[in-house]
Every structure is written in C-alpha cells, then in structure tokens.
Amino acid sequence: MQNLSEKSGTPPGTLVYFGKDTKEKVSITLIQYDEQEYFERDFSDFDECMNHTDNGKVKWINVDGIHDTAIVESIGTRFNIHPLTLEDIVNTMQRAKVEDYDNYIACIMKMVYENPKIKKKLVSEQLVIILLNDNTLISFQEADGGDVFDQIRNRLRQGKGRIRKQKADYLAYTLMDSVVDSYFSVLEMIGDELEDIEDLLLKSPDNGVLRRLHQIKREVIYLRKSVWPMREMVNNIERSETRLFSESTGIYLRDVHDHTIRVIDTIETYRDLLAGMMDIYLSSISNRMNQVMKTLTIITTIFVPLTFIAGVYGMNFKHMPELETKAGYFVVWGIMIAIAAGLLIYFRKNKWLK
Amino acid sequence: MQNLSEKSGTPPGTLVYFGKDTKEKVSITLIQYDEQEYFERDFSDFDECMNHTDNGKVKWINVDGIHDTAIVESIGTRFNIHPLTLEDIVNTMQRAKVEDYDNYIACIMKMVYENPKIKKKLVSEQLVIILLNDNTLISFQEADGGDVFDQIRNRLRQGKGRIRKQKADYLAYTLMDSVVDSYFSVLEMIGDELEDIEDLLLKSPDNGVLRRLHQIKREVIYLRKSVWPMREMVNNIERSETRLFSESTGIYLRDVHDHTIRVIDTIETYRDLLAGMMDIYLSSISNRMNQVMKTLTIITTIFVPLTFIAGVYGMNFKHMPELETKAGYFVVWGIMIAIAAGLLIYFRKNKWLK
Amino acid sequence: MQNLSEKSGTPPGTLVYFGKDTKEKVSITLIQYDEQEYFERDFSDFDECMNHTDNGKVKWINVDGIHDTAIVESIGTRFNIHPLTLEDIVNTMQRAKVEDYDNYIACIMKMVYENPKIKKKLVSEQLVIILLNDNTLISFQEADGGDVFDQIRNRLRQGKGRIRKQKADYLAYTLMDSVVDSYFSVLEMIGDELEDIEDLLLKSPDNGVLRRLHQIKREVIYLRKSVWPMREMVNNIERSETRLFSESTGIYLRDVHDHTIRVIDTIETYRDLLAGMMDIYLSSISNRMNQVMKTLTIITTIFVPLTFIAGVYGMNFKHMPELETKAGYFVVWGIMIAIAAGLLIYFRKNKWLK
Amino acid sequence: MQNLSEKSGTPPGTLVYFGKDTKEKVSITLIQYDEQEYFERDFSDFDECMNHTDNGKVKWINVDGIHDTAIVESIGTRFNIHPLTLEDIVNTMQRAKVEDYDNYIACIMKMVYENPKIKKKLVSEQLVIILLNDNTLISFQEADGGDVFDQIRNRLRQGKGRIRKQKADYLAYTLMDSVVDSYFSVLEMIGDELEDIEDLLLKSPDNGVLRRLHQIKREVIYLRKSVWPMREMVNNIERSETRLFSESTGIYLRDVHDHTIRVIDTIETYRDLLAGMMDIYLSSISNRMNQVMKTLTIITTIFVPLTFIAGVYGMNFKHMPELETKAGYFVVWGIMIAIAAGLLIYFRKNKWLK
Amino acid sequence: MQNLSEKSGTPPGTLVYFGKDTKEKVSITLIQYDEQEYFERDFSDFDECMNHTDNGKVKWINVDGIHDTAIVESIGTRFNIHPLTLEDIVNTMQRAKVEDYDNYIACIMKMVYENPKIKKKLVSEQLVIILLNDNTLISFQEADGGDVFDQIRNRLRQGKGRIRKQKADYLAYTLMDSVVDSYFSVLEMIGDELEDIEDLLLKSPDNGVLRRLHQIKREVIYLRKSVWPMREMVNNIERSETRLFSESTGIYLRDVHDHTIRVIDTIETYRDLLAGMMDIYLSSISNRMNQVMKTLTIITTIFVPLTFIAGVYGMNFKHMPELETKAGYFVVWGIMIAIAAGLLIYFRKNKWLK
C-alpha cells in the first residue's frame, strides 16, 4: 500500500516508477516464431532488439523489469502507445483492466504466488500485455518475477500443442491463462493451510491459531481484490468488438473467464469457511472459560462449607457442648464427608463433572 | 480442492484427468430407441459401439468413467468436439455451465448425493451432457457414480410416460431433472439433520453440536457453490437461441429452472437457520456460564461471612468477653443462621435461585 | 420440508399428490354470475358440474382438495392444461409463480394464516388460479383450507361493489388480493408478538425469550421465502403481454404489487428488529453476569482480608504480644470495621454498588 | 403497525379510514394565485369551496384531515379520481409512491417529524398530492399535522421567490421539497442524539445507553423504510413521460432526488455508526467484567495463601516446634508480608494493576 | 452534520451559505494561458476580474471562499448559471455529482485531507468546477482550503507537460485528478494507522486501541460516503454526450474513473481489515479474561483444600487422636505439600500453566 500518494501532484502522464526497489538489470527478450522457425534472444537495448524483428512472424517482446522508465518510454514512442498506458505500466499499483485503444489493446493483470523466501506469504507482480496487431505482442513484468513464463517458452521452443500455429492473440490468451493458473496454485496453498488450522481449532485453539486465521483472512481479502477486476477484464475483452482477438481465440477467452469465476467461487467459499472458523474459535474460548469456571466452582462449593464447619469448632467459646463429647470429632468428620459426597453426587447428576 | 494447480503449466487443450483415483473399467452404454423399439448394450470400445448405431432412432451414448482420456479423445474426434469441451469433461473441478458451440451444446453439471459409505457426508459427481442433434446425446459420468440413471433407463425400457415419443432434447431434460432431484434428496437429509440439531441445542448444547453445525454449514456452502451455476446454466439454455432444444421441451426446462430456484431458496433458508442456531448455541454457553457463576456466588456469599464470624471467635485474645458467656456459642449460631437465611431470602427475591 | 425428495425418480408429468395427509372429500363448487344473476352449487363430480355451466356468465370453479388427482386430471384434460401445470397443482411445495401458456394463465400462490389449533404457529396453503378466458376461472386449494374465500362469495352473492360487473380477470385479482391480505394478518400477529417480547427483554430476558425470538425468526424467514416470489409473480403478470388481464384490471394488479412490497418492507423491518433484539438479549446476559460477578467480588474483597486478620490472631504462637493486651480484641474489631467501611466507600465511589 | 389487517376482507375500493384516532374537524383550504393576485380561505364544505375557484389562476386545495371519507369521496367524484387512489388517501399505511393515471398524477409521501409532546420520538404523517393539470393541485394531510406548509403559504402570500410566477407543478415540487426537508430535520436530531450517546458510551456504558441505542436503531430502520420509496417515487416522476411536470420543473425534481439520496446516505452512515457503537458497548461490558475479575483475582491471590499460613499455625497439634520459638510470630508476619509484596510486584509487572 | 435542517423552509433557490464559519476575505484568481503566454492575478472584485479576460485564451477563474454569496450570485448572473447550481455551490453539504445543463457542466466534488492542526483527523472541502465552454472554467472552493492547486498552477506557469497545449476540459480533468489524489493521500495515512494498530492489538489490546479502531472506522465510513458519488460522477461525465469534454480528454477521464475504483477497492479492503481487527480485539479480551480466571482458579484450587485441613486441626475437640501424636504436625505438612504438588502436576498436564 506504500507510495500510493507520492505521485500526487506530478503531472498526469509522467513516467515515474512505483514498485519494489530493485537494482536488477532490465532485460528485453525477443521471441519470434512461426510454425516452422523459432528464434529467441536477450537484449539489453530496445533498438538493438528491434533490428532483429521479422514482419512475417509472430513477435513476442518481453520486458523483464519496468523500473528503467527510459526503456518503457522508447518502446512507447516506437509503437505509438498512449502516455496513460505507459504510466500504468510503470506504476505497479494498478488493478487489472483492459484498455482498448485505436491501435492496440492493453491488458493489465496481477499474478500472485507464494513468496519463495517467506513461506505462506503471498507476493504479487504486475503483468502488462500489449497486443499491437495479429503478430506483435509486448509484455512487461517486474524484474524479480521468476520464470513464470518458462513453461510457455518451452512449449514454443518445442512447437508442442496449438501455440506455434496460432497468431499473437493466442499467445496473449496463453499468458492470461498462466496468470489465472497462478491464482489456483495460491488458492490450493491457502486451502491446505485452512485444513491445518481447522484441525488445530478442534485440538488446541490458542492465540496462534487466531493469528494464522487473521493472516489468511488478509490474504483472501487481497486475492479477492485482485481477482474481481481480472474477471471484469476478461469479460470486457470478450464483449469488446476488438478485431485483435480472433473468434477462435474468443472461445479460449471464455474458458479463462470460467476459470476466473471458479477462482472467485473458491475465494468466496474460503471467506465463508473463515467466518465459520472464527465462530468456532470464539466458542472454543467460551467453552474453555466455562470449564475453568466449573472447576473453580466445584472446588469452592465443596470446601467452603467444610471450612466453615471446621471454623465453628475452632471457636474458643467456654461453653460448647459438642467439644466435650468423645465422638464429636469423628461425627464432624462424618458430616463433612457426607456433605462433600452429597455435593459430588449433585454435580454428577447435573453433568458438571464430565 | 486438491489438484487444482497441477494442471498449471500444461498447454491448454491437453487432456489430463483430474478427479478421484479409480481403477474401474470404463464402460460405454448405447441406448437406442424410438416409440416402437428399444435397444441397449454395453461396450468397452467406442468404435464397436458406433457400429451399432441406427440413424433413425434416438441414440444415448453414456460413458461411465472419464479417467481413460483416450476414449474421450476418440469420441471428441468422431463428433468434432472442441478441445476445450474435452478438457472440461475430464477435469471434474468444473462449475456447472452450458457451452453453445456451432455443432453441439454441452451442459456440465454437478450431481450430489450422500456418500453411501460415510453417513451424512456429501459426495459430488460431474455429469457432462453433449447434445449433438435432435437424436444423438452423449453423457459422461465419473466411474463410481452408482446407478443414478437407472430409473430413466427403466422408463425408457418400459416405454412409460412421454419419454419414448420424444427426441434427444427431451432426454437431455430428463437427465437434468434427475440431477436437480439429487439436490432435493440431499437438502432433505440436511433438513432432517438440522431438526435433530435444533432439538439437541435446546437440550444439551455441547461441543459436538457445534461441530455438527459447522459440518452442515460446510455442506450448505458447498451445495450453494454447486447449485447457483446450475441455475445460471438452465437459464442460459432457456435464453440461448439454440435450435437443439425444441419449444415444447423449453416448457420443461422452465420447470427445471423453477426447481433450481426452489433448491436455492431452501439453501438460503438453511443458511439463515444455521446462523440463528449458532446464535442460540452461543447464548446457551453464556447462559450456562451464568448458571455456574451464580452457584459459585451464592455459596461464597453465604459461607464467607459465616466463616469470618467463626474466625473471629477462634482468635486467642486473652480478653474476649463474648467467649466467657454461657449462651455465647448458641447466640453466634443464631446469628449465623439468621445471616444465611437473610441472604437466601434476598437471593430468592432477586430470582437468583430458580 | 418433508417429502421433497420422494418424487425423485418418477417420470416428469406424473400426478402424485405431495402435501398434508387428509381424508376429506374433495368438493367442487361452481359459482356462476353476471350483473343480474348469481348461481352457486357444490358438486362431488366434475362432469356433473360442467353440465351446469352457462357460457354467457362468469364461471368460477373452485376445487377444495387436491389429493384426489383423478379429479385434477379430468379437469386438466377437459381444459387442455399442460401436464406440468397439473403437476404443480398437486405438489404443494411450489413457490409462487405465474405460468403463461397459450390457452391459459396459471398463478400459483401461498396463503399463510395462524394455525387455528396451535396458537402463534403459521400454516400455509397453496392456491392455484387458472384463468382460462375472460369468463372462466378455476381455483384449486388444499382441503383443510378453511373459509378464506367466504367474504368474496358473500360480496358476489350480495352483488356489492364492483365485482359482479366485472369479468373473470377481476375475480382473479380479488383472489390474489385476499392472499396478500392473509400476509398482513400474519404480520400483524408477529408484530404484536414482537412487542410482547420486547417488553420481556427489558424486564426478564431468560431462555424462554430466546426460544420465542428464534421461533419468530423462523417464521419471518418462512414468510420471506413465501412472499418474495409472490412479488415476482405479480410483477410478471403486469409485464406479461397476456390478453387475459384487461387494462382496467391491470391498475388493480399494480395495487396488489404495492401491497406485496409493503409486506416485504415490513418483513425486512422485522428482520432488522429481530437482529436488534438478539443483540439486546445477548448484552442483557452479559450485563447480568457482570452483576453476579460484582456481588461475588464485593463479598470476597470485604471478607477475605477480615478472615485473614481473624486467622492471624487465631494462631497459637507462644509469644504474641497483641493477645496479652486488654484492648487487643476491640482494637482488632475496630481495624476490621475500618477496612470493611473503607472498601465499601471505595466501591461506592467506583459505582460498583448501584 | 396496528390495523394492518382490519381491512382484509372488505371489497377493494371501499373507503375505510386507517390511521390515528382523531375527532378534529376536517378543514379545506383554497389558495388561489397568479403573479398579481392571492386568495386564501378555509371551508368546511367542499362544494362551497369549489364555488370560489377561478380557472385562470393556480388553485391549491388542501384538505386537512382524511378521516371524513365522505369529503374525500366527493372530491374523488368531482375530479374523476380512481377508487384505488381514494383508498390510498384514507389509508395512512401506504409507502411513498407515484401513480400516473390518465387524467392526473398522484404522489403519496411520508413526512416525519419529532413528536412535539414526547421528545425524541418520531411521528410520521401521510401526504397525498394530486396534480390534476397545470393549475390545479389537491393535497391531503392528516388532521393533526401541524403547520408544515405555513412557510410555503407565507412565501405565496408575500409573492417572494419564483413561486407565484410558476404553475401548479412547481407548487407540487415545493411541497415535495418541504417533505424531504422534514427528513433532514429528523436526521439532525438523531445525529445529535448519536453524539450524546457516543460520549456516554466512553464514560458510562450502562443499560440505559443500550436502550437509547436500540431506540435510535428502530427510528433509523423506520426512516429507512420511509425514505427509500421516496427516492423511487421522485425517480419515477423524473423518468415518467408525464406532461404534467414541465421541463423546467424537472430540474428542480432532480434536486429533490439528490436530496433524498443524501438522506439515504446519511441514514446508511448512521446505521454503520450504530453498529460500531453497539460493538463498543459490548466490548465495554467485557472490559468492565475483566476489571471486576482482576480485582477479585488479586484480592484472592494475595489473601488466600496468607490465610492458609495463619490457619497452619492455628492448628492445635501438641508438637509444633515453630510455636515455641520466641520470634516465630514475627517471622511468620515477615513471611506473609513478603508473599503479599512479591505477588503485588508480580501483578504490577504483568500490568494487572493499572 | 450540523445545519442540515436550517435551510428547511427557505424558498428553493435562495443563496444561503452552509459551511464552516470563516471571516477570511474571498479572493478571485484569474489564470489565463495558451501555449505561449501565461497570466495570473488576484482580484477581490469579480467585475474587475472580468475586465482582464481575453477570449482567445483558456481562462481559469478560481473563487477562494464561497461564504460571500453576493460574489457567487454575480458570477451566476454573468454566466447564466441555474439558481440550483448556485445553491449547491454555497451549500457545502452536497454529495459529489455532475449536472449537465444546456450551457455548462457543473461538477461538485469533495476533497479530503488530514487536518493540519489536529493530527489524524480528516477534513473535507467542497470543490465546484463549472466548465462553460472549451476555454472557460470557474472553480469554487472553501476559504480555508490551503494550497491544493499550487502544483497545478506551477505546472501551468512553467508550461511543463501537456497542460498548456490543452483546452479548459483538460484543466477540469487535472483538477479532478488532484481531488482523487487527495483520497490516495488520506488512504495512505489510514493504512499506516491501521498497521500501527495491528501491532498494538497483538501486544497490548486495551480500550485506547478500541477507540482508535472506532475512530478509523468512522473515517472510513466517511470516506466511503464521499468517494462512491465521485465514481458515479466521473462515470456520468463519461457516459454523458456532452460536447464540453473532447474525446482525447475522455481517455484521461477513464483514468480518473479507474483511480476512483482503486480508492473504493482500498476502502472496502480497509473495512474488511477493520472488521477482522475488531474480532481480534474482542477475542483478545476474552483470552485475557481466560488468563485471569485461570490464575484465580489455580490459586483457589490449591489453597482452599489446604486451608480446610489446617482448619480441621484447628478445631478444639477434646478428643482428637491425631493432635496427640508426635509426628502429626509433620505428617499434615506432608499431606498438604503432596496435595499441592498433585494439583500442580494435574494443571501442568492439562496445560493450564503455560
């Protein structure tokens, strides 16, 4: 949530990077293919990269690292991209959306995955896809993003499946599909954690459980905030009359749409489960308090009257007839045992002793 | 919820089975009928099955077991079914939906029923219906599904009712109707369980009740998640301008739609009831705590002052005039009884003693 | 909620009665009128009844008891009513709806009223109105329905008001209006009960109050479930382009619509009030617990130190200088009284003693 | 809420008064004006009143008191008003609505104000405006309504502002505006009360505060129920294609619409605040309980061990070496003081003593 | 919330100032620019200001202080602004809205910022923008508003960015953008506060935390109430077919729209977090109570039986055999230590001692 306001005051359209601090070098990867050929090379300079493009093939230019706003700007100038889109690219606080400009379509998405360093913590990363025409796609991702697209690159290299026969719109779909898949992985992780916690709740509901519940709740809230706009976004692409997505790719987008809905369904289910687990936690605390109180009450109720009796015969009155009798002491013991036994029977009958 | 993520990374359109582990043999049943004739046979090979089809009759090809993706693929190839539909068939994590392709309509549904092995536990099974034309319907169900369609088969065999006179779209409706009926059975089971729990709540609200409440809540959440898309699905069929469902069958679909709404209404009612029962449970715990505290307070309030008095006359001061008197001991007993009686009257007046 | 599932498996369109067990005889009443004449007779046979009809007059055929499915079936055959409508008539689990067929319009409604035998318990009864043309209306009600339409019959007999001058669509409106009025009666009963409970809540909030609150909650949930579809139903009639309701009757339907909205508003208000009353109940329990705890704490805090002091001077040490003094005993009493008084003043200052 | 059901059974269209009992005389006021002239007179007879009307001027006929249904009926007959509208006029249980008939438009509204007799209690009054044409408006209000329109009459008399230059539709707007203003007054009263209660909550949250919270909650629920239909009503007038409201008045209606939305916004804000205050109240109770429990625990924990030690040396064993020593008594005192001091230090460290 | 009702009764269209009391002088600033030139001057008189305008340039007339209704009125007369718009300008209780009149478009907005005097308290200020044509914009802000537009003025002076090349609609967008940015700043402040409180909640959840939670809740409620209409407003401008906003500015408005949605998303997230933190607070209180109760119970359970034993041997019966034995005293000590140790072991086993 940090840095939300720092931009306030700068003129709209200024490229200022907002995101995690990073010193990594920006790398530009050009992947170029058609059904027969496949070309892949990394560049550090955008113009250099453009010299290797071949118009007859599908070109995927992937920019890894958006903190170097100069590179983003030069790409923007080259492909005539609207300043607001460029601004969205370098500001990682965006919500998922699709922007349909005259000459291109821009999809902004949030990927989520488990932080590889801190277990059970989510990190998110912004991915911007710009589909320029039926064989040019540019993607921008944050620098420390990991190798989320490795599997797609592998499929491209090996020419497996449908992907090498298709145009750039299908590539865009493939990227979106892998973004939605990232949500499924995270949900599965959360689902496992929820099952763990549920076991704990029934065994030993302590403060730590509460903290983990709260932590998951935060993550579910965060996921929810990320995935709802994803759904809208896919929906908007489907409904938009863009010529950039072919009809046959549209069927695949419908599938992505279904997947986002499944993600949302699962998140809502988790929310309901979390609410139920909170209830169980709270009533467990109450139950335990009840248990403690019962113990206290049973002990007090038994011993306080006995102590009173002992106190009575500890009084120093001159004239106390019982004290003189021979059996007095034993009679009193008998009475005290009878009282204790009676109370215990009473408690058992009222199910106070489990 | 398991396995959600395993698919992540495989190319879209790859047929990978996701569902319960099963070793059962896949069986393909061909049922073929018109008003006069009825034919039924099981096959283990799809091509074998296709050799027995007769174009003039209504054909229902039921595939029991979807873990053998090769069979699904060969059916897909034969009838020109879109790869995404095939993928949906073998992935049992789908939500109910209808997909309207040019050459067929595919309905994905979730049946629910009580686990025959573990009482009061729900299991669900995915059913995919593909309506190819007015006399061909293919259905795919998971292998261990039981004999859910037995009654339909019986009606077909006996030629009872409207069903043998109708086309495949009516058969599709009949299957959907039996899916919705499966929800009614489960709701009834839950309704009975709720009544049981309500009785328990008023008699002996313990931790076990809470666990059962939570269990039902989970099931209601699960049912809700399953049935909402069912409703959408039926609605979408009704509104779609498919030529595959005739107008006269449309009236029956409207009936299925009404039934799904009734299922949803009942689920929402159960949710409200569950929330109310949770409230009762929590206030029962509080009430019992109150009861325990009152007992403790009454005992303490009565005996502590008496014990104090006994303590006073147990002191060993040389000069304590009361101790010397003859009646002292009895006067003190009198005072102590008076105090106890006074307190009891006070408690009764304040309704502390029920 | 019982019997929901029993139908599962029977072919759609089979007439099976679902509802309360009843042995009463089905009676068919024919009421026939125009502005001048009025005719009313009970029949036990439907064909007999049809022999008395006169085409120039408005005919109201009321069937009291739907458990005799043969009668329903013969009416269905005679008037060419769709099997699904017949099924809806004999299954009393329907939600309110309107079905617009080519040759008739069918309205299914739920009446509610207080059980005349068990006070403050609701029962509901299904009413189906079939409007066949501008002068034929058939109504089906459950057998033990009471005389809910007596007032309408009286107005028809006496020719009072607008009703004798109007066609069957106005009669249909009159029946709907009396159904909605049944909700107002029940709401009023609930409103009175709520006021009673509110008084009790402030005076003596015990477990019985909770049970009554829960009971009303169930009834409000039930009413809500019944009345929302009523509203939809009336709305659907208004919006449908049926020629069966004339424009002038449309204005009256709008009035029924307003009434259903008022019923819904009141139900929602009751829900809000119930939630508020539950809060008050729970905080009353807490408050009382506080009161009990305070009593305990005050008693303990006062007497435990005093008892300690008495205990000290009850010790049997050989050398205890205070014991030897003449005034010792009285000084100790003084100290003890001072401590008790000091604590009482402290409690009063902190408002622990009200 | 009383009397909701009494009407049930009477034929629709019958004029029966439902509202507060009143014996006041109905008064009919005719106000007639154009830019130059102004005429105002009270009548007790409607026909008498009609004799004074002048077609060239704007006529406002205000009926104060609707319990005399004969007067309402004669006005209805004279201006050809639909029986259902007349019924709505005399039944004060209506929700706000607009009814667009061919020859007039009827607006039913609820005014709210503080009961002048019982402080901080709301009363509401029904106002029906019938706009017949561009210079005739009839308004019906309940008899004990007070002088809510005095300010409007004053502005008419003095010819101040725009009002004398405008037609009857502007007068209708003015009346609606004053109705919405009545909500603002009431909201302000509630807002002040909320601020009072918030102060109390932090100072001394007792049962009385709870009762006041509940009372305000009821009033907010009631207001909400009244104002939502107001908004719909104004919206419906705006969207309706009535020729009775001129375009220039339409701009003013949009303003009324904005005001109703502001009222709703404020009500929703109050609801949120009330929920928050309830939370604070409940946690204050818990906090206080905690405080009481701590006191009890500290006292008990300190004195119970000391009393035990005193008890030990009060035993009467023949052979107890400590009792014989000279310093024994003082050593025991030392030990007891040390224990008490140790416990106090422990409590302070754990922040049990604030 | 104060003063809501004071207006009630005044004729609509009367200019009465509602807002904070202020004595500051109203200042009118004229900024006039095109790509080449820039002119800026303060006036205290509106007519004086109008003498300096130049039709060929973009004119921004900013009125700082709306309590001098005469100035507002003269501006209204000059530019033919509808009385209702003028009324909205001087009444600072408006919700954000856009009003599309024939000759201008009026946008009413709420800016929020932290009160510079009282930390962590929000203040809001109303801003009205009137866009008269493609080169005239008038803005009205409250007098003590601070220098929120300083950055915009700087950019205008320096001619940086796009702004000097654009028309007045772009200037309107720039102002709106800075209003939305003001929300981001405030949200960031609240986010920081939330993180602080979350830390406190886990460390020392006391009453102060509750008060801060409640305070933030109020502010979030307030922000929510302010920002939802902002979103509607921007949406309405986008959808309206006004010719005043050019298509190229429309893209920027879409960006403002996205920002308001992000603000709303963040607010909703905060609401969810606040609810979760309230839960944690409440269960912390319960947990602590549990802790206190356990301490009490352990102490009581250990010492009460021991005190009873001491009491027994403090009795003064003549015949008590144990008292005579030599080892009696030490045996009793042994028994008492054994009981205490046994209970401690029992507590440890049941995890009562952490």
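Per-chain residue numbering starts at 1, and chain names A, B, C, D and E are given in the order in which the chains are listed.
By definition in this document, a contact is a pair of C-beta atoms (placed from the backbone, for glycine too) under 8 Å apart; a residue touches a chain by one contact, two chains touch by 3 or more.
A quick note: this is a predicted structure, and the numbers were derived from the prediction, not measured.
**Q** Touching both chain A and chain D, which chains are there?
**A** Per touch definition, common to chain A and chain D: E.
**Q** Counting residue numbers used by both copies over all numbers at the interface, does the chain A-chain E contact come out same (over half shared) or different (under half)?
**A** Here the answer is different, because the shared fraction of interface numbers falls below one half.
**Q** Roughly how many whole angstrom separate the Cα centroids of chain C and chain E?
**A** Spacing between the chain centres: roughly 42 Å.
**Q** Report the inter-centroid distance (CA atoms only) between chain D and chain E in whole Å.
**A** 26
**Q** Would you please write down the residue numbers of chain D that are in contact with two or more other chains?
**A** 282, 286, 289, 293, 296, 300, 304, 307, 311, 314-316, 320
**Q** Can you list the residues on chain D that touch chain E in the complex?
**A** Listed in rising order, the residues of chain D that touch chain E are 151, 155, 160-163, 173-174, 177-178, 181-182, 184-185, 187-188, 191, 202, 251-252, 254-255, 258, 261-262, 265-266, 268-269, 272-273, 276, 279-280, 282-284, 286-287, 289-290, 293-294, 296-297, 300-301, 304-305, 307-308, 311-312, 314-320, 351-352.
**Q** For chain A, which residues count as touching chain E in their complex?
**A** Answer in residue numbers: 1-2, 4-5, 7-9, 11-14, 82-84, 93-95, 97, 99, 204, 207, 210-211, 214, 217-218, 221-222, 225, 278, 281-282, 285-286, 288-289, 292-293, 295-296, 299-300, 303-304, 306-307, 310-311, 313-316, 320, 322-329, 332-333.
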